[in-house]
Every structure is written in C-alpha cells, then in structure tokens.
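Each of the next two complexes has chain A plus one more chain, namely chain B in the first and chain C in the second.
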Partner chain A sequence: MDTSEYRDLFLAEAREYLQGLNIALLQLESDPANREVLQEMFRAAHSLKGMSATMGYQQLANLTHQMENVLDFLRQGTLRANREVANVLFESLDLLELLLGRLDEPAACLEQLDRVVGKLRAACDGSMEEAGSLGNAADGDALLLDEFEKEMLRAGCAGGERARHLQVILDASCLLKSVRAYMVFKLLENFGHIVKAVPGAQELEEEQFEDRFQLVILTQAADETIRSELLQIAEVADVFVRDVPEMGVPSAGLEPAVVRQVEVVSETAVSQEEADGERRNIRRAAEKTIRVETDKLDKLINLVGELVVNRTRVVELGRTDVAAELVSAVEQLDRITTDLQSAVMKLRMVPIKQVFDRFPRMVRDLSQEKGKKVNLEIRGEETELDRSIVNQIGDPLVHLLRNSVDHGIEPPGVRVQNGKPEEGTIILEARHEGSYVLIRVSDDGRGIATEEMLQKAVQKGLLSSAEAQRISDEEVLRLIFRNGFSTAEQVTDISGRGVGMDAVKTVIESMNGSVEIKTSPGEGTRFYVRLPLTLAIIKALLVEVAGEIYAIPIEAIRENLYVAPQDIKTIQGEKVINVRSEVLPLIYLGEMLGMKSGSSEEILSVVVVEAAERKTGLVVDVLLGQQEIVIKSLSRAVEGIRGVAGATVLGNGRVALILDVSSLI
Partner chain B sequence: MNNLIVKTEEQPQDELQLVAFFLQGEEFAVDIQRVREVLKLPPITPLPQSLDFIEGVINLRGEVIPVVDLRKRFRLADASKSDKARIIIVEIEEGLVGLIVDSVTEVLHLIPSAIEPPPRRLAGTRSEFISGVGKLGDRLIIILHLEKILSTEEQLELEHLQLAQPERMALNR
Partner chain C sequence: MGRQVLITDDTAFMRMTLKNILEKNGYQVVGEAEDGQVAVDKYLELRPDLVTMDITMPRMDGITAIKKIIEADPEAKIVVCSAMGQKALVIEALSAGAKDFIVKPFQAERIINAVQKVIG
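What follows is the complex of A and B.
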C-alpha cells in the first residue's frame, strides 16, 4: 500500500499523541496512583503502535509496543511509577520524537532504539520481580476474583497445583484475534485448567478486546514451560506469567513491603477534576478539529476582507440615499459582514496551549539538571492567538523560561536561607488585553540587581560611566535586551551567552509586539510580552503625504504633535525638535519617500515614532485618524522597497502603503 | 453554443491565441494563456523609491498588484491616459502584474509559422522584450516576452553580453 500521502497526517497525529503522552507522564510523576492518566497513556501508546505498524514504520511500532507493555503493567499496578520508570518513559518519548523526525531513514538511531527498548524490557522484568516480592502490595484490581473463583484456586492449591496469572499479548497486526485466543485456551487445557479470563470468554470470542487478555489458571507446569509453549502459537507476541495477586502468600512477620516512592520535582498539585479534564485532552484535540490547508484559509480570509471593503462602500452609498428600506438592508449587511469577518479571522486563531504544552517537560528537565526545585504554573493556556504568532512565539518563551530557571530561581539551599520556600515558582500566564495578548513570565527568584548590571554594562563598553550616572533603573533593565549583554557569572549551555535576549526582543518586535521587564531584588522578575491578536490585522494611524495615504502601525507610534516653525531647531544641518527636554530628529516623510511635498501648512503635523530604541519625528501633511487595517504583502515583483512594510486596502478600495518605521529612521 | 465548440475543434492544435493591444500606434500582443483579465484603469497608488516604470500598485479584489506602465518601460513618449487605456493583468514568474496599455483591441489567432524571430530593434523597443513578430495579412504584431518586463536595465545589459545573439524563436509559454 502506498502510504506516502498519509505521511503528513500520520506525523501530525503522532505528534499530538506524543504531546499528550508527555503531559500525562508529567502528571503521573506528581500523582503516580492516577489510574485514569495511565489508562489514557496506555491507549495513546496503543494507538501510536497501531498507526506506526499500519504505515510500516517498524522501529516506531517496536518502540511503542514496548512502551505499551510498561504502561500496561503500570496500569495493572504490578509496576510502580517510580522515578526510574518515568525517566525510561521520558527517554522513550524523546526517542519517539527523534524517530518521527527521521521517518525516511529507517536505519537511523538503531543503537539508541536498542538501548531504550532494552530499558523498557528491563522495566517490565522489574515488574515481574516486584510482583513476586511484593505480593499483595501489587493490587491488581484489573483482575477481581469472586469468592467462587477464589475457592477454586484455594482448592487447587491445596491439591498441589499453583495459581498462575497469565497475560497474553497478541501481535498488533493480528487479524483473527478470537482464533488465537481460542488456540491459547486449547493449549492451556493441556497444562491445567482456566479459572478466569479477563475479558471474559464471551468477549474474547467476539473479539471485544484490544491485543491482550489475562487468564488465571491452575497448573502444575513451570512458568517457563507455559510461556514457551504459548509463544509457539503464531501471532502471540508475548506472554507474562506471574503470581495471582490475591493468592500471593503474604510473608507474615515481614514489614509491609516498601514501595519505592516517587521523588521527583512535582508539578502543581492537580485537583481531581483538572486531572480528569487533562487526561481526556490526549485524544480530544484530534477529535475536535479538522485540518485545512492554510492556503485555502488565507484565500477565504482575503475574500472576506474584500467583502468588508465593499460593504463599506455600500454603507457609504446607503447613507446618501433616503430610502429607509435600503438603509435598514445596508445596516443588516453591515452587521452580517462584521460577524462573518470576525468568524473567519478566528479560523486562524489557535490556543496558545500548543506552545505552552512543551514547557512543563522542559522546565522539569532543566531544573533537574540545574539541581533546582521549580514549580511551573501555567495559566490561560486557552487564550487564542493568530496561528503564525503561535508558531513564532515558542523560541522567545523558551528563552525567557530558561532564563528564569537558570538565573532567576535560586538553588534550594539559598532559598531556604532567605526564608523562601525550597521550591521556586515560575508562572507562565497568557490573557487578553484589548486587541493584544499579554504573556507574563514571572519567577519568585532572586531578581535582577541593577547595580551589577550597570557595572557590567560599563565594563563591556555598552555605556560610558557618564551615561551610567544618569541612566534610570528602567533603562538599565532594558540593557538586558542589548546585543552582547549577559550578567551570568558562569556561562552555561542554557543561557548567559549574551545572545538570546536581544533575539527575543527582535522576534517579538517583528510581530509588532513588545517586551517589558520588571524586577524586585530578592523577590523575583517579571517579563511582559505583549502581542497583537493577529498579524493579519493591525491598528494603524492613517496619514496623508503629498496627496497619498500611508498607514503607520500604532505600535511604533509614541505620540502625535503639532509643531510651530519657530520650534524647529537645526543641529549640524539636521532639523530637530525638542519634546520635553528630549531632542528628536525630524524627517519630512514626503521628501524621504521621494514625493513632492504637499503641505504648505504653517503648523507641522509630527508623528513621533520609535524603533530600535530610537525616536524620530515624522512630518506628515495631514493626520487622518486611527483604523484597523488588513495587512497585504506586496507582490514579489516589487518587494524590498525601503520604508514600505506592505500594503492595505482602504474602505474606498484604494491601496495604501504601510510604512516600515524601523527602516525609515 | 454547439457551433462554437465544433469550430474550436476544427482549429489546428498549435494555433496561438493572443490578446492584442495598442501602444503609441504600434500593435502588440501577449499570449492569452498569460492573461488573467483586462481592467479599466483603477486608482493607482504610487510606490515610492521603486523602478521608474512601476506606476504603482492597485487593488484587484483584495490582492495588491504592481502595475507597469509599458510606455515608460519601452521608453516611449509619455502621453496622458485616455478613456481607452486599460490594464492587462498577466501572470509572470513573480506573480500577477498589471500592464498599462493605450487600448486593447481583440483576440488574435496566429499559426506558429506566421511568427518570425524578433529583429534587433523595433519601434524603439529593445529586443529583450520581444519574443517574435506575428504577421496577419499586412499587419505586423509585436509579441511580448513577458519574463523580462520587470528586469532592471543592468540585468538586461548583463544578459545581452552573455547571450550574443538573441535566440528566442519559440514563443514563451
């Protein structure tokens, strides 16, 4: 079967399962007894196995098969979710991700695969030992024996037979599962007799089971004999034989078996309801959405944009006509188009959860590595943002979080000394704020010492000592975003190389967003990232220059001024104005754009814009007002014009250019 | 309707259909396969600091499309645009581009044998822009080579040196 056309679909779905597994595993670490999570993880691993086998990805199928086994033992309670098991599972997930990225190289990562599969198998074996040594401690409630069955087992044991619990796993590709089950039953009759089957014989016959079933038998044969005989049957993938939990002889006189405890940095205590919600999410994402090519969406959005423009025209016409019928029809059209536009724009919106979901795992690994205790709290992950922004915001946030773990949160010992809880808290929060989304990354760590930063800045020559005298605390903090600045004493592989924070700022500003930093020494640091809801629509100030209309993104604008000619000064031939003791260079937009300067007004209209920390006054002819505009890219044939970021279509159908402030000044 | 279809089938397979237009009295044409539509002149927004023959950009149902003034491109005398002036929207490698012409006349049918390679200079137009000259009765029709329409002068000079003789026998499709 040619499966290549399903490859992308497979990848997307597999990644969703993988993400779900990662989240669930983190949850499991903090709440090892949560069966619901285990059940969900097991199903996810099982689906992955099935998908991979169907697509012919043997390595993936093999790996997920072993994961499934471990999860199955966990789910049955014969294996405890201790830290080692969790780490092996995390390792498997990492490998899974690696393999997904290299689907086309079947020979890749074979060594790693062997190692991880080995570890997973070892974990299963551990389960056997544990089951043996712990006896009753392993509460196999998946296998509830009624009184009659227990009586049978007791009678059998008294008669010299042993009660054994068998788990039979069939090949994922097995077609006639009921036949195989029947063959297993048949064979076992040679060794002893079957007391109970889970699922029951009826369900087994009707194939109402996934790929495994459990049996309780009374036999005299050795475990190994039973296992090897059963493995002779075609399509029986694996057989595990162990004690029947309820028949295990409690070792009287011994201390109750000590179960190895989970001792990992726990996530926020998740309440039961939340946990229930979470576990469903593993599958939910796939069921609630359909995949649509982004090109099709963009086309639709474009058409709706055009509809909106035409609506404006009709509305204008409607105002000039007195016919009341027409006016009301036009108003109706106006409402419908507005709703349609917002509905269509929402198609591009995706919850920021997609990005946030990566972080618990990252923070966990990072804090373990750094020997710190960190609790990451995530809030507002349902907040929606434009798809393209969500795609780009991941890296900057990774950097901010790493920064918090590495520089912000102190080592546990230091925290205790300072009278703080041993475990540090990082809060990652997203919420709507007007037409923007605010993302806050805050930690309760040591904060930033502005004095030290100032010294560093002077040392590195970023500031003169004279400048250092005048600079305000806020400005000092902003130095963090300057290229070549790092306060970390030790350069680590995580952060502190002086690159990154400036990249963070660049990426965020390229999306018309902004980033701010606030700190209180000893109490923590907060980063505020403000992003537009969508890249496709921005707020802009419309201005007229030489008879043409231009749009200036509001984000870049600080204020608008009217300046009298006598207030314009000249410094070294450059015209400047003085705004509240700040000297700003003036740029005549008309001249800058090579257009004939139009206005002969006495009083100049000046738009003060800021980009890359530099403020400039742009002289325009007329300030027309603020408006939401839909950004259109310029054709490839004419792109790259200095000072022009794109174009938009105005209400009258004409094209207006959007100015790129950073390349203008 | 049926008649029309039959007629089309009777036509030779390799016959070319061209959209013909006038530019300063000369007759030009572009391959109809490249033509998306023909418009009356909409308001044009000038594009500062772009190549001089780029007249600006227009809004074509929500898409922003650059417009080339062919008179400026071919260094013909600038004339005020009459009511007959049209924009032919064509598809080139860079995307859609509008070409301002004096007027659009008709759709022509030409057989390949009626098309001759371009002479070195014709009607003041550089041969780079011409893929051939079509003969229809006693009419001479200059067929445009669209790919070079947006190239800068420097790019053209460079190619001119590399390609000693222009060999553009075949119509570009």
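What follows is the complex of A and C.
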C-alpha cells in the first residue's frame, strides 16, 4: 500500500497522541492510582501502534507495542506506576518523538530502540514479581476470581500443580482472532487445564476482545516452556506468564470476597462511564475544529491585508466626494472590512497551551536531574496569541524556566533550613494586558543577589568600578541580559553559559516584545515577558523625513515632543536634550538614513523611542499621525538593511518603510 | 533443496498465487490439487512436508480431506486456507488435526509466517 499521502496526517495525529501521553504520564506520576488516565494512555498507545503498523513503520509499532504492554499491566494493577516505570515510559515517549522525526530513516535509532524495548520488557517482567502483592485491579478486563475458581486453584496447587496467570497478546493485524484463541486453548490443554479466561470463552468466541486475553491455568510445565510453545502459534505476538494475583492474598472467606467484588464491579461501571464521558468531550471538541494548512491561512490573511489597505484608500476618496450615498456606502464598507480583518486575525490566534504543554515534562526531568523538588503551576494556558509568536516564544520560555529550576529554586535541604517548604514553586502564567500578552515566570527561590552580580560584572569588565558605584539595583539586574554575563559558579549543561539570557532578550525584542526582571533576595525572582498579540498588523506613527514617509511602531514610542533649538545641548560632541531631568541623545533621522532633511522648521519634532532600555529622541520633519499598518516583509534582495524592519502600503498606495527602532539607536 | 509443499485449492488463481509466494520464499511446490480427493491421493503419493488445504471444494471438502490424511499419517502437517467468516469450519479443521490456518485474501508475510512455524 502506498501510504505516503497519509504521512502528514499520520504525523499530525501521532504527535497529538504523543503530547497527550506526555501530559497523562505526568498526571499519572502525581496520581498513580488514576485508572482513567491509565485507560486513556493505554488507548493512545494502542491507537499509535495500529497507525504505525498500518503505515509500515515497524520500529514505531514495536515500541508502542511494548509500551502498550506495560500500560496494560499498569491498568490491570499488576504493575505499580513507580518512578522507574514512569522513567521508562518517559524515555519511550522521547524515543517515540525521535522516531517520528526520522520516519524516513528506517534504520535510525535501532540501538536506542533495543535498549528502550528491553527496559519496557524488563518492566513487564518486574510486574510478574510484583504480582500477587496487588489484588486491586478494578478494570473491566481485570482478573476477578470467584470462590469456586479459587477453590479449584487451591485444590490444583495442593495436587502439585501451579497456578499461572497468562497474558496472551495477538498481532494487531490478526484475522479470525477467535480461532487463534482456540488454538491457544487447544495447545494449553497439553500442559494443564484452563480455570478461567478473561474475557470469557463466549466473548472470545464472538471475537469481543481487542488483541489480548488473560487466562488462569493449572499446570506443571515451566513458565518458559509455556511461553515458547504459545509463541509457536502464528500471530501470537507476545505471552507473559506470572503468578496469579489472587492466590497471593490470603483467603478471606466467602463473604468479604463477594462484597469486595461487588464494590469493584460498580466502581468499574462508574469509571467506565466517566471515561466514556471524557472521550465524548474530547471528540466533541475535535469536531468543532478543522485543520487548515497554514499556507492557506497566511494567504487569506495577506489578502485581507490588501483589502484593508484599499479600504483606507476608498475611505479617503469617499471623504473628498460630495455624493452622500457614496459616503455612507464607503462607511459601511469600512465597518465590514474592519470586522473581517479582526475575524481573520483571530484565525491566526492559537492558545499558548501549545507551548506550555511541554513544560511540565521538562521541569520534571530537570528538577529530577538537579535533585530539586519543583512544582510547576501553569495559569492562563488558554490565552491566545499569534501563531508565529507562539512558534517563537518556546525557546525563550524554556530558558527562563531552566534558569528558575537551575539557579532560582534551592536544593530541598537549603529550603527547609530557610524555613521554606521543601518543594519550590514555579508559576508560569499568561494573560492579556491591553494589546499585549503578559507571560510571567516566577519562582519562590533564592532570588538574585545584586551585590554578587555587580562584582561579577566588574570582574568581567562589563562595568568599570566607577560605574558600579552609581548603578541602581534595577540596572544591575538588566546586566543578566548582557552578552557574556553569567552568575552560575559552575557552567552546567542547562544554563549558566552566559549566552542564554541575552538570546532570550533578543528573540523577544525581535517580536516587538519586552522582558523585565524583578527579584527579592530570599523570596524569588519574576520575569515578565510582554508580547504583542499579533505580528502581522501593528499600530504605527507615520512620520515624514526628507519627503519620505516612515512608520515607527507605536510600541517603541514613549512620547512626542517639540523641541526648540536652544534646548539642544552638546555633550561630548553628541547632541542631547533634557526631558524632565533625563538626558536623551538625539538622532537626526534624515542624516541617519542618508537623506537630506528638508525641514527648515525652527521647532524640531522629536519622537522619543525606547528600545533595549534606552531612550532616544528621533528628529523628524513632520508627524503625520497614527495608523494601523499591515507589515509586508521585504524581499530578500533588500533584507537586513539596518534600521528597517519591513514595509507597508499606505492608504494612498504609497509605500512606507517601517523603522526598526532597536537597530537604529 | 526447499521443503516440499502440496497446494490444495479449487481455483487455479489461488493455487498460482500461493505457489508464487511459496516458491519465492524457497519452498518447493511438488504438487497441486483441485479438490479434497486429489489432495488425499497426491499426499499419499508425494508425502510432502506440508499441505495447504482450502476448505470449500467440490467432490471432497477440505475438512474431510484433513481427516483422511491425518488418518493415514498422524504426523501430516496441514495448514488450512480459509475465507473470512469460516470460523466454525476453521476450528473444525484444527480439531481434525490441521496445524495452523491462514485467511484469504492471502498476504505473503502471513503465509510464510504460518508455514515457517509449522515446518520451519
């Protein structure tokens, strides 16, 4: 079968399952007894196995198959979800992700696959040893022996036979499963006799089972013999032989056993119902959305952008025309396009959940590695942001979180000494704030010692000792974002290399965002990341310089001033102005951009902009006004010109360059 | 030399398909039978290592043929070829002494898997 055309769909769906598994596994780790989660995970692994096998991805099928086995034991209750098991599963998920990324290399990661599969198998074997200590299976498929069956087993054991619990797993693609089951039964009759089958003989015959069934048998044969004999049957994928759980539990007499069974059964019914409900919810949510290629979406957005530009033009023409009907038609058009624009822009918005979802796993791994106890609290994950911002914000946030785990949160011992709870808390929160989204990363760790930082900065030559005397605490903190600065005593593989924080700042600022840091020693550190809602349309101030129109993003502008020539001072050869006792350098935009400034005005128009924590006054000829503009990226030929971030088409059809303030000053 | 196989099926197309698959995988198809009676006769004549046996065939059906062959040679290795939905018949064939079964439409992998498990 040629499956290449389904590849993308497969990948998208597989990644969803993978993400779901990651989240569920974290949930399971904090709540190991949660049967619905186990059920969910088992189903996900099972679906992945089926999908992979259909697509012919043998490695994926193999891996998910082994995961499925482990999950099955977990949901049966014969294996406990302890840390080792969770780690193996996490490792499997990592490998799964790796394999998904390398679908076209069938021989990739074979060694790793062998190792993980081996570990998964070992976990299953472990379940055999542990079996018997846990008789608490409450799943629909779980083994529940009635008194009669127990009696039979006891009698058999007294007669020198051993009670064995068999889990038989058939190939996912097996046809006529009931006949395979029949062959298993037939073969087992050579070794002993079957006391119980789950699902029952009737269901097995009617093929009312997925790909596996459990048996309890009495036999004298060795486990390995049974296993290898059963594996001789075609399409028997795997067999596990172990102790019968119930036999390890001392017989509690008839009555309590019956009571317990009833309880267990009703519990099963409830959890099944709940699980069904949950599944329905998931499906309902899925039906409300459709997948659209991002290219198509971008094209639509681009077209709407053009429409908006032309609308502005029509609106301008409408103003000059006297025909009242035209004016009202144009106003109508104006309203509709505005609505259309905002509706289309919303299409680009995706919840930040997409990014946040991967963090619990990361923080967990990291804190385990560092021997720290960290609780990550996520808030506002439904906050929506432009897709392209969501795509880019991941790495900076990873870095901030790593920083918090690595440098912020103290080791448990230190925390207790300082009278803090042993477990540190990191809060990752997103919320809307005006036309911005604010993302806050805060920890209750040791905070940042500004004194120490200052010493470091002087040592590294980032500051002179004279500068160090004058610098405010706030400014000291900003040093964190300077290239080449690191306070970590030791460079770890996570953070402390001094290249991270300045990269964080650069990425965030490239999205017209900003990052701020606040700290209180001993109490923790907070990072505030502010991001615009969208990158495609911005509000800008239009200015004229030497006859050309330029757009300055509103976000960068602090205020506009008119400055008289006598207010301009010269310090060390540079022109500056004094605004409310703050000294601002002046940049003559015309000269800067290599044009002759045509302004002979006495009074200068100055736009005060701020970027990289620095304020500067830009001298322009005329302030034209504020407008929403659609950003068009420049073609490659003129890309990367200093000071220019892009271009836009104005209402009158003229092109205006958008200034990149941070590279200008 | 490959292990010897006798193919039983009433349609020439299925015989050809099976023969191709088996020969490609190193087995030697020593005979073909179009019904149960021919299969029994040829088995006794050729004594192959393995017989593939269709169930529904004119003159003598597969199950009767399996019984006759096993009667003559309790060690005979027979793999049943069945269509979907012949579950009861497959079970009957297995209890009559067939070693395994494969389900039509045939997939090379499954056939070889089954044959290998029976005769190696």
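Note that the second predicted complex is superposed on the first by the 460 of 665 C-alpha atoms of A that agree within 3 Å, B and C clash if a C-alpha of one lies under 4 Å from a C-alpha of the other, contacts with A are read in each partner's own complex, and residues count from 1 in each chain.
Definition applied: a contact is a pair of C-beta atoms (placed from the backbone, for glycine too) under 8 Å apart; a residue touches a chain by one contact, two chains touch by 3 or more.
Only a predicted model underlies this, so the values are computations on that prediction, with no experimental measurement involved.
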If we overlay the two complexes on their shared chain A, which of chain B and chain C does A:Leu175 touch? Say first, second, both or neither. second
Contact-wise, after the overlay, does A:Gln232 reach chain B, chain C, both or neither (first, second, both, neither)? second
Is it chain B or chain C that touches the larger share of residues in chain A? B
Answer with first, second, both or neither: which of chain B and chain C does A:Val529 touch in the superposed model? neither
Is A:Val649 touching the first partner chain B, the second partner chain C, both, or neither of them? first
Contacts for A:Ile23 in the overlay, against chain B (first) and chain C (second): which applies, first, second, both or neither? neither
Determine, under the contact definition given at the top, whether A:Leu188 touches first (chain B), second (chain C), both, or neither. neither
Residue overlap on chain A between the chain B contact set and the chain C contact set? none
Name, in rising order, each residue of chain B that touches chain A in their complex. 42-43, 45-50, 54, 56-59, 61-66, 92, 94-97, 150
List the residues on chain A that touch chain C in their complex, please. 175-176, 178-179, 182-183, 186, 232-235
Could you please specify the touching residues of chain A with respect to chain B in the complex? 302-303, 305-306, 309, 548, 593-595, 632-638, 641-644, 646-647, 649, 653-657
Under the stated contact criterion, what part of chain C meets chain A in this complex? 82, 84, 87, 90-91, 94-95, 100-103, 110, 113-114, 117
